[in-house]
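Note that the chains are named A, B, C and D in the order they appear, and that numbering of residues resets to 1 at the start of each chain.
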Amino acid sequence: MHRDRFYTLAASCPDRTGIIARVTGFIAEHKGWVLESSFHADDEAGRYFMRIEVKADSLPFDLAGFCGRFAPIAAELKMDWKISDSAVKKRVVIMVSKQEHCLYDLLARWQSKELDIEIPCVISNHDTFKGFVEWHGIPFHHVPVTPENKPASYAEVQRLFEEARGDTMVLARYMQILSPELCAAHPGKILNIHHSFLPSFVGARPYHQAFQRGVKLIGATCHYVTAELDQGPIIEQDVIRIDHSDSPDDMVRYGKDIEKTVLARGLRYHLEDRVLVHGNKTVVFR
Amino acid sequence: MHRDRFYTLAASCPDRTGIIARVTGFIAEHKGWVLESSFHADDEAGRYFMRIEVKADSLPFDLAGFCGRFAPIAAELKMDWKISDSAVKKRVVIMVSKQEHCLYDLLARWQSKELDIEIPCVISNHDTFKGFVEWHGIPFHHVPVTPENKPASYAEVQRLFEEARGDTMVLARYMQILSPELCAAHPGKILNIHHSFLPSFVGARPYHQAFQRGVKLIGATCHYVTAELDQGPIIEQDVIRIDHSDSPDDMVRYGKDIEKTVLARGLRYHLEDRVLVHGNKTVVFR
Amino acid sequence: MHRDRFYTLAASCPDRTGIIARVTGFIAEHKGWVLESSFHADDEAGRYFMRIEVKADSLPFDLAGFCGRFAPIAAELKMDWKISDSAVKKRVVIMVSKQEHCLYDLLARWQSKELDIEIPCVISNHDTFKGFVEWHGIPFHHVPVTPENKPASYAEVQRLFEEARGDTMVLARYMQILSPELCAAHPGKILNIHHSFLPSFVGARPYHQAFQRGVKLIGATCHYVTAELDQGPIIEQDVIRIDHSDSPDDMVRYGKDIEKTVLARGLRYHLEDRVLVHGNKTVVFR
Amino acid sequence: MHRDRFYTLAASCPDRTGIIARVTGFIAEHKGWVLESSFHADDEAGRYFMRIEVKADSLPFDLAGFCGRFAPIAAELKMDWKISDSAVKKRVVIMVSKQEHCLYDLLARWQSKELDIEIPCVISNHDTFKGFVEWHGIPFHHVPVTPENKPASYAEVQRLFEEARGDTMVLARYMQILSPELCAAHPGKILNIHHSFLPSFVGARPYHQAFQRGVKLIGATCHYVTAELDQGPIIEQDVIRIDHSDSPDDMVRYGKDIEKTVLARGLRYHLEDRVLVHGNKTVVFR
């Protein structure tokens, strides 16, 4: 939690000697003040990951200046990279159905500025939360989804997301499966919270599956959405203890506490550019 | 989570042989169907604790009938006892200051009926959440507290609580210390969430105390309020891992997630009559 | 943890009214002092579970006397029941391969009398721990297992278990799959520790499976062994947090800490007759 | 977990721009391959911390060569630094009294090479574990401690530690308070496991203190020993859930599982030079 404006560089490249020196040397050369830095070598993949926060006003140029000067180094290192500015708020579109817990939780974090984001709109397949969302001064779009209208509905969701200039879409217990086209159009931008400890209990009614199997812990998983259901890269997970006295309804109730916490943590990591995806796995620099 | 109406007997008495048999014998004699039952012998105190849920329509009498017939047995066993009816919603008055997280969390649980209670009013020493609370159709009382007006303010809080026929008062990060009179007037009815793992870091700014001590986990404690600050019987606690990279501000943020969960769990135990106080300790039949 | 001798009744029966009253009434009638008691109604299965500890010297008869007098009640309630005597140590045969952690852990608990059991022998498919086990005064049997000799080997294991009058067999990271015959011969008596959070990652090399999937927590599961691999009733589970920096080898190392704790907890529940199996699920009265 | 030999640099210095670039630039200049690197800025203290692992055979010089070339840079940055060689095993002296759990746990980890250390000797104020330790081929010294002989006893402990050329002394539930002289002679080298979640329950019988206070979680703390009892820098902590049914004896039993895990984790961090002390706090680069 830094009060001063800073730039965040998140990058990965093939591993070799001298990567940190090359990147931090560039920053030091311009008197950049490093607030936080994390590095990781994936030995199996031969790939190097990094995330560096630099105080904006310690540099003699702005973000565009940084990018222009850094680009040749990134090219030399064959880097995938992005850089963000803490002064530019991310725009997060929330998708919700009829369950309160994640929506209330996200809006409380937004109200208190714990999540320092813009929420340009909330989209739902029900109108349950229209009043609640609008009370917060946030536009609410009701986009019903029926077996018949799915392509049109998801086209409308995509249009609204783009119109809102969304950076991130959060499925806050949105109980519909997005179309493969929508998923493919925004890789690494759509986060879901699945109400099981993946890879256990993929698909529908995971708490009932958990009840039948007699597990002693239940969990939740925040992951990026890909075309394959519940198979995207995992960002964050957690579990909670249950026992034989808990019915599926009790599990649903316990699970909500894990779901909202895991979603909020995963979303924060994502928004702070702490998550780097490689294949179907994530590096999360906490 | 039972759909059918039930009565909950919560009781304690000096330990001796035959207690369970005596109590469950009475229930069985009237064909009462026991949904859930828990028993605990405190060997050190020589005291016996129990909680029994009986299906209401399995009995040939109503709650008053139950009480009338059970009273002689309770007297014989020298019991402290109470019995509640699942069809009568508990009335919970929420006290709040300027922090969102516990208030949003409790209202989300109330909206979804996870907490099946009445909230007759919210009282605050600030008017920050007036609009939010009233949007939910709940009366909001602004009772400012200053160093000068404390006795009058707490008298007003007590008047409002009694006017609202409150069963329980929840300090949902209410940042004032209640008067000893108010505490003494409602023993076992006022719940607080303290933002540390008690008995560590009693009093003000516990996260800053934790930061100075360099602990590796921080916690929260839900307890009954007594006249002695942060010393009442503990109902529930939990912790979350931190590390050297976390500032006091980060700890405050992490702590909120624990605070709201611990408060909600403690409140649920309390409302379901799962908490029996003995001296400065609690038996919690989860 | 009771110092006095006690009997433990563990039982289940079809649910109806009056079960607790009938059983505890019998105990009370004979002035039995109940130390601990737990009850559970499985609404879905319509079955009732209980576990009661009675102080031995509070009763006017011995264990045989208890059984004789209780049998008619059990028959009336259509009960599956067993009763054990805390003065009779359970006999636990440990099966091990080449990994230290669970074996050292169990022997430490046995040495300190935390596990108050007899260990009549340790059986292994390797001779790695022969000296260590014998130093503790425990017989060690080396029963090699090869693809060719499996039937003979498992026959020998079964012979040794029976010769040792074993009550319980613990697979303490025993890296062979027992024969279906052996499993079937001792239902509810063979405990395994599986190194994943089941049902995730059944079978071989679960930590490598977990690494490939990119999960953020890994776990361990203590379960009863049945003929179907890793599918038996789960007794206890736990997890530990990992991150992107952990290799499969790191996970193996972290996992050991969970495995030995989960196995020890599951074994304790089993030995104290806290585990009641129903179908493929367990009731665990902690 | 790296199979190749590597050097580990652990250092701290006043914060300024260019520190990472200066240090990693030096490594890159000599073609050093960085396996793992961690950095932390303590804003409050204005101090910078780092830990870097470099593959030994990627460098054109040995450890002495590294030190000689790095010294001027360290001087320029006003660094406190140390560097270790993964090929040189740390020498860990274990102190124990009469409880098994930590001793068995550490020796199991040593046997399996999970802890790749030398244990030159075990020292105890009792002879309980003489046979067990010697069976492992480790010398055992019985140094009784009585109220009268303390100075002489601790002088003997110190002599044995120095004779053994110990790097680290581990108090594995050693139930005596070391002399201030002994503590002062080896700052940052003596690790203790305290059986409470510090700062709660300092001093004797913490589980009984916890029982009296009625806490719902108990914990353990691994910390460096300083002259002030239970006040040294905390390395690692963890907790476990208990409830009203747990006696102080039960808590002792639960606590052991946390104690040995927390001690093993803390010791590992220490041995891998992941712990940097600053004042009474630690940076732990996990």
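Here is the rule we use: contacts are C-beta pairs under 8 Å (C-beta built on N, C-alpha and C of every residue); 3 or more make two chains touch, one makes a residue touch a chain.
Keep in mind that what you see is a predicted model, and the values were worked out from it rather than measured.
*Asks:* At the place where copies chain A and chain B touch, is the share of residue numbers found on both sides over half (same) or under half (different)?
*Replies:* Mostly same residues: over half of the interface numbers shared.
*Asks:* Please name the chain that ends up farthest from chain A once chain centres are defined by their CA atoms averaged.
*Replies:* Using the mean of the C-alpha atoms as each chain's centre, the farthest one from chain A is C.
*Asks:* Could you state the distance in Å from the CA-based centre of chain C to that of chain D?
*Replies:* 35
*Asks:* Could you check chain C for residues that touch two or more other chains and list them?
*Replies:* 36, 245, 247
*Asks:* Per the contact definition, I'd like the list of chain D residues that touch chain B in the complex.
*Replies:* On the chain D side, the touching residues are 40, 42-44, 49, 197-201, 213-217, 219, 233-239, 243-245, 247, 280-284, 286.
*Asks:* Using the touch definition from the top, list the residues of chain D that touch chain C in their complex.
*Replies:* Chain D reaches chain C through residues 1, 36, 99-101, 103-105, 107-109, 111-112, 114, 131-132, 135, 245, 247, 249-250, 253, 256-257, 261, 264.
*Asks:* Please give the residue numbers of chain A that touch chain D in the complex, ascending.
*Replies:* Touching chain D: residues 17-22, 24-25, 27-29, 31-39, 41, 58, 241 of chain A.
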